[in-house]
Structure formats: C-alpha cells, structure tokens
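Both of the next two complexes hold chain A, though its partner changes from chain B to chain C.
This part shows the complex of A and B:
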C-alpha cells in the first residue's frame, strides 16, 4: 500500500538531485535559478505526498506547499532583479565573471 | 490505488525526464520549455494525488513563470539559440557528485523509513478547499500574511534593484543614468 507514497518520494528525491546538479554546475544566473526551481519542485512533491498519504486530516501540509510556492515566486522576482542589475553593470549574467561579489 | 501509482509513476518519469532535459540542451528557450513541462508534470502529480487546488495553482503559476523566464533567457544569454554549442557549465564532476549524494540520501530515507499505514481515502475537493481556507485564515494566518508581505517586499526590492542608477552630472542640473 505504501507503493504510491514511495513513488512520489522517489520522484521528489530525484528532482531534488537534478536541481542540486543544475544549481552547482551552471555558470549562468538564470540557469542556476532553474536548478533551484527543480529543487523546490522536489520538496513540494514530497510535501503533497506526506499530506495526502499520511496526514490528510491536517491542512498544515498544504499550507507548507503554498509557502514553498511563495519562496519560488520571491526567488524569481529577486533573481531577475539581480540579473537586470548585473546585465546593466557588466553586460553579462555569467557567474564566473562575478568575482567582484566575493567578500 | 494501482491506477494512482501507475499515473503517479508516469508523471514522475515525465517530470524527471524534462528536468534532465533542462540541463542537456544548448538552447536556452528549450531549457525554459523543458522546465515548464517538468513543473507541469509535477502539477499533474498533485492532481493524481487528489490535491486539485494546489495542482491547478502549480500549473497556472509555472506556465506564467516559465514564459517570463524564456523571455529573460533570450534577453540575457550570449547564445540563446544554442547554435554556437557553447559549454555553459563548470565544476561538472563535483556537481554530479553532489546531486547523486543529495538524491541518494533522500532515496535512502524514503526507502528505509517506516511510514506507517497509508490513507486510502482523500477528502473531497470542495472539503479540501474549505478546510485550506479555514487553515489560511485561522491557525496559519500569521504565516499567510507574512508570505504576502514577503512577496510585496520582494517586488519592491526587485524593482529597486533593476531600475537604472541615477546620478547628477558634473554641472549639477541634469540627471544621467549609468
């Protein structure tokens, strides 16, 4: 009976792994944001599966998914704001050219 | 339950396949579209798990978000069409290792933990929406309000960061943008 839960959790885990690879390997800011989006998608799949198959009586699980969606929207807004600022300043959003941001 | 597991696996495989395609294509527009399809498959997984409200919300939100992302890709990438075959990656081996370790740890927890009995019957869609509304405007109201204020703050901050910096020219009476 736990097969459905396991299928959802495995999908979430693999999506998270792909997202980690993307966020660490890409040199472009927008592509890094895509990796973060995949990581958050993996987390959301797990949250919905936990709510649906383990605790459907408690709606905190769905609430948590809405919070993760908010984080996705905020990440996109701030990320694109930073991308525009970087593009205006140096004409590129390549993170290998962002060594001046080092502390 | 068998049909649910089957469709969950189908949409899960689609989400993973399109997720891999995001980082395998040279064309940035194709990357954005692959991410859109991956996120849509995740939304379909929500629908299969009978979470109608979140599933529809996920699909609608991601369709808009990824369309904007595709436009930004064309604006900012040096080679948006991927015709030059540029390699836009670095520290590949470390990244693959980190991704495998992260996924492996999560898979180990999923397989080895004792999850207990699984609930077969999900609440009806109307009941879910009603209860989620009560949750949002009751016990979790502070979290809900905080999320709203955070989005507003992010919108203002992103606009402030994105607008060109204005400074006074040397003669003092004319503004120029950098």
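This part shows the complex of A and C:
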C-alpha cells in the first residue's frame, strides 16, 4: 500500500517539476499556462493519493479536488481570454516582448 | 372674601391709593374709613350671631398670621372705625387751610388700618407688626408740622417713650411663644407659672408706654403739638387705647402678682395724671393728662380682675375723649391757640361746640344718664369688690373726684372771661364730626347691656346702690370743687410741681430722654464718620480709577506695541513653517517615491520574472517550513 502511495506522490512531484520548468522556460503565454496547469495537476495527484491511501472513508478530499479542477477551468478561460485579447491587440503572445505590462 | 379683612383692608387701600395718586386726600380717606366702619358693623352683626371668623395669612413658618374676629375684637373694631370716621369728617373742616393734606390723610388711613389690624390680630406676630405700625404712624402724625421744633421734638419723644416700652412687648411675646410653642394669642395665654408672671409684667410695661401710665406719661402731653384730629384719634380709641386693649386681651394670662402691678400702676397714674390735669394751663394738655388718668382707671379695673369694666370705660372714653378733643380743636381755630389764657370765654362765642364739649365733659365726670356714669360705676364697683386690695377703691374714687374737678375747671375757664374770636373755616364739617361723637358719648351707656351680652369676658357683678351713690357723690363734688375753687388754691404747694408734670430731677427726660438723645447723637456722629469714611472710600475709588485709567493707557500702548511683535513672530512662524515643516513633508514624499521606484524594479511586466520570483519565494517558504518542522 505504502509503495503505491510513494509511486503516486512521485508521479505528482514529477508532474509539478515539469510544470515549473515549462512555466519558467517557455516564452509563449499559452505554453506558460500549460506549465501552470501541470503544476496544479501534480498538486491534485498528491491530494488524491493522500485521500485514497490515508482516509478513503471521508469524501472531503474528492470534493476538494473537484473544486480545484473547476478553479483550473475558470483560470484557463480567463488566461486564454487575456491571450486572445493580447494577440488581437499586438499580434503576438510572446511574453519576452510584453514589457509594456508593467504599471 | 373673608369678612375679617373688611375693617382692615379699605383704609389700607386708601392709604396706598393716596401714596400712588397723590391727590384726592379727604375723599379717599373717608371712603376707606366709612367702608371700614360698614365692614366692622357687619362683622359685629355676624359675631353677635355667633359666627366668629378667622383668616389665616401666610406668615412665618409654623406661625401663620391670623386675623380673628371674636366678640371683643369686633366691638373694638366698630369703636375704632366710628371714631375714625367722625374724626376724618372733622378733619375735612379742621385741615382746610393746611398744606400736605395727602400726607395727612394717607397717614390717618394707614394708622386706622394698623389699629384695626391690631384689634383683630389673632397672633402675636401680626399684633407686633400692627403695634409697630401704629407707633410709626403716631410719630409721623404728631410730627405732622415737622417744621415746628416743638412738634418734631414731641414726635421724637413719643416715639422714644413708646419704643422703649415696646421692648417689653417683644420680650413678653418671645417668652410666650417659647413657653407655649404657638404664636396664637388665645392659645399662648394659657402659659402658666413664672413665664406667665414675667410675660404679664412685660406686657404691662408695653401697655404703660402706649397708654401713657406713670412714669411714662410725659410724651402724651407733649404729643399735643400735633394736629387736633390726630390727638382726638390717638387718645380715644387707637394709640393710647392699644395698651389697655393689650391688657384686656391678655387678661387670662395675668397672675395675681401681675394684676397687683397693673392695679398699682393704674392707681398711681389715675391720681397723678388727674392732679397734672388740674394744674395744666393748656386745654389740650389738660385733656391729654385726663386721658392718662382715665386709662389709669381702666388699668385699675383690669387689676381688680374685671376687664369687662375696663372695656366699657374704654368704649365710653373713646367717644367722650374724641368729642372733647374735636371741640377743643374748634376752640383752637376760633382763638388761634389752646392755652387757657387765650380760650377765656370761648364757650360763649362757639355755643354748639361748647355744648358738645360740656356734654362730653359731664359724661366723663360721670353724670347720669351719660355713658361715663355707667362705665365709671362699673370701674368703681370692680375696685371695691376686688379681694385683698382694699386701697384700689379709694384710688378710683380719688380719680373720679379729680375727673370731675378738672373737667369743671376746664368748663369754667372756657365759659368765664372774654376774648377776640375769629371766624372758623369749615365749621360745618367740624360740627358734624363733634356731634357725631357727642351722641355716642352721651348715649353709649344705654348700649352697654347688649355689648356685655356679646362679649365673652368674665361677667361682672351688678353694682349696688351704695356704689352708684359713692360714684355720683365723687363726681358731683369734683365738679363743684372744680367750678368754685381755682386750681392753685386747690392744690396748694403741689401746684407748681404738678405743673411740671411731677418732674423728679428733670423728670424721665433726664433718665430716658437724655441717654436716648446721647445715643442718637452718638449715632449721628458715627454716621458722620461713616459718611466721611464712605467719602474717603469714594475718593480712594476715584484715585484707583485714575490709576486704572493710566494703567489702561499703558496697556493700550503696550497692545499697540504688541502688534508688530506679533507680526514678527508670525513671520518667523511662517518661515519656520515653510522651511521646516514643508521640508519635512517633502522629504517624506520623496522618500516614499524613492521606495516606490525601488519597488517598481521588481515589476518588470515580464511574466517569467514574476514567475521566477514566485518560485523562488515558494522555495524559500518551503525551506523555512521544512526547517521549522524539523526543529519541532
């Protein structure tokens, strides 16, 4: 049982690592957002693993993951909205060129 | 409205109206006194029906002022109002040629109001107030002709004598209120024991002052310096009567010792004043001495334990003496004075007034069927029946004899001889006044029966024939003596002494008057000094004020100088403001700006910068948490 939990936690950590790398290394807004999604997915795998292997009788873990997935969807919608608006205004979603975002 | 105020209020209102309006003297005063007469008659009728009336007025705490209309009060109120009415009617004629009439009538009205209040007073506080008021009014009225030194002197003397005796009343009242705890006269008279004797003697002192008993009789003769209506009013039913009224009212209080003292004072006075009257060379002064003598008789009756006899004599005497005085005023106008040397034969020239005078004189002497006969018989009977004091009887008989003698002497001097008689202005008014009082003086004796039935004083025994005969013999013998024998021959060596009013070593004047005058002079000197001191204070105040003015000027220039200084300070402040505070604020602002600029460098606008910072911060947070979990 514990070996399976470790596997699940490792999977989550790998997913999070890939996500961090992606978010930091990519310059395209869409790619950065995909990295962020991977980080969230890693965190969710951790949550589900802890629920499944430590307290399967309680449903609060499942519920929490469902809420996080909803927040992810909303975040995606807002992020892609911003990306499309920027693409329409400037013609690019390259974040290296987005120094004008500073206030 | 309560009926008790009816006798008191109208004269009071008249006096107030006169004070305010300053005109219409006689009309207002007559209206006041006649309404007072009507009110007191109505009151008497009600009281005779058995309806005693009481009025409580707010006074001292726990001691309301009471006006009580008992039988005695009602009878006396009627007497006061009757005499007052006719005296005021008489005054209209008598005072025709005088100035200051408003003052005269205002004082007369106030005097009558005060006397009615005194008669009707049901408690000691109101009685004291009324007592003081009549004292004040008598002072003002005796001194009506205050320009004349003898009138001013007489007024001051009357005031001083009665005032010093009034102290007795004050102390007596305090004693009574202390020992019985109430200021109501009727209740406080039940005080027994030593307090009662002391209070009785003190009341006697007060009565001696007001009723001019020996040795305080001197002021009464001198009070003749006032206008004659004033003398008539003072001597009959009001001021002088107040003393006798006081003793009659407080009779239940008087112990045998006090009664003895009352009898002694009355006995001495009736004889001494009678002799003085016999020796007087002035008609009004004779009448005044006779008043003192008659009040002596009343005091004897009180001392003998029959206040009813005293009251009857008081009523008869009120009518008689006022008509005598009014007639004397008529003679005075006819001859320009009241000395017997001037009045010789005036009786023939003024027959109506003389007839009134003679009738009243016979009444006073006690000739039947005039009022004085009945009242004097009552007094003689009371004195003869007094137990244990046998000498009262002879004294009363001597007083009666003297009364007859001096009245006959006055009649003889007025009738015999001749002199220049001037025309008398306003003699119709004066005639009405005289005869209005002569009629009751003659006929009052017939009303004594009903009056006795109303009164609640202890009843007297009916006098026997012996008493009546004795009184009659004394009166007739007195009249014959007075008519036939001249006063110097009658009195012999006593005559000059009696003429001086039995003055012993300068008389009471030396013992009372001079110290009082010395005190007054001392007061005057003190006042002068006070005045000087006040003046000094005033001058000092002026100096201080001047100093203040100077100080103010200095202050003014200082303020003027202060302005520029202030401006300079303001300038300095402004500079300080600009340089210091503004500088501080600007420094703060630029500091904040610099901090902001530094913070802005973090905000490149580049996403991966932000992400990198987030990642690093998260990593740092993780490391810290990890270390923290290790340490616990």
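By our rule, the second predicted complex is superposed on the first by the 102 of 103 C-alpha atoms of A that agree within 3 Å, B and C clash if a C-alpha of one lies under 4 Å from a C-alpha of the other, contacts with A are read in each partner's own complex, and residues count from 1 in each chain.
Here is the rule we go by: a contact is a pair of C-beta atoms (placed from the backbone, for glycine too) under 8 Å apart; a residue touches a chain by one contact, two chains touch by 3 or more.
The structure displayed is predicted, hence computed values, not measured ones.
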Going by the contact rule set out at the top, does A:98 touch chain B (first), chain C (second), both, or neither? second
If you tally the residues of chain A touched by each partner, is the higher count for chain B or for chain C? B
With the two complexes superposed on chain A, say which partner A:90 touches: chain B (first), chain C (second), both, or neither. neither
Is A:68 touching anything from chain B or chain C once the two structures are fitted on A? First, second, both or neither. neither
On the A-aligned overlay, A:11 touches which partner chain: chain B = first, chain C = second, or both, or neither? first
For A:24, select first, second, both or neither according to whether it touches chain B, chain C, the two together, or no partner. both
Between chain B (first) and chain C (second), which does A:59 come into contact with in this model arrangement: first, second, both, or neither? first
Tell me the contact category for A:32 with respect to chain B and chain C: first, second, both or neither. second
Residues of chain A contacting chain B in one complex and chain C in the other: 20, 24, 27, 29, 96
Under the touch definition given earlier, write down the residues of chain B that touch chain A in their complex. 1, 4-5, 8-9, 12, 15-16, 19-20, 22-23, 28, 31-32, 35, 38-39, 42, 45-46, 49-51, 53-54, 57-58, 61, 65, 68-69, 72-73, 75-78, 88-92, 94-96, 98-100, 102-104, 106-107, 110-111, 115-123, 128, 131-132, 134-136, 139-140, 143-144, 147, 150-151, 154-155, 157-162, 164, 178
Help me check something: in the complex, which residues belonging to chain C touch chain A? 600, 603-608, 611-612, 615
Partner chain C, residues of chain A touching it in the complex: 20, 23-24, 27, 29, 32, 95-96, 98-103
Given the complex, residues on chain A that touch chain B span 1-22, 24-31, 33-35, 37-38, 41-42, 44-45, 48-49, 51-57, 59-60, 62-63, 65-67, 69-70, 72-74, 76-78, 80-85, 87-88, 92-94, 96
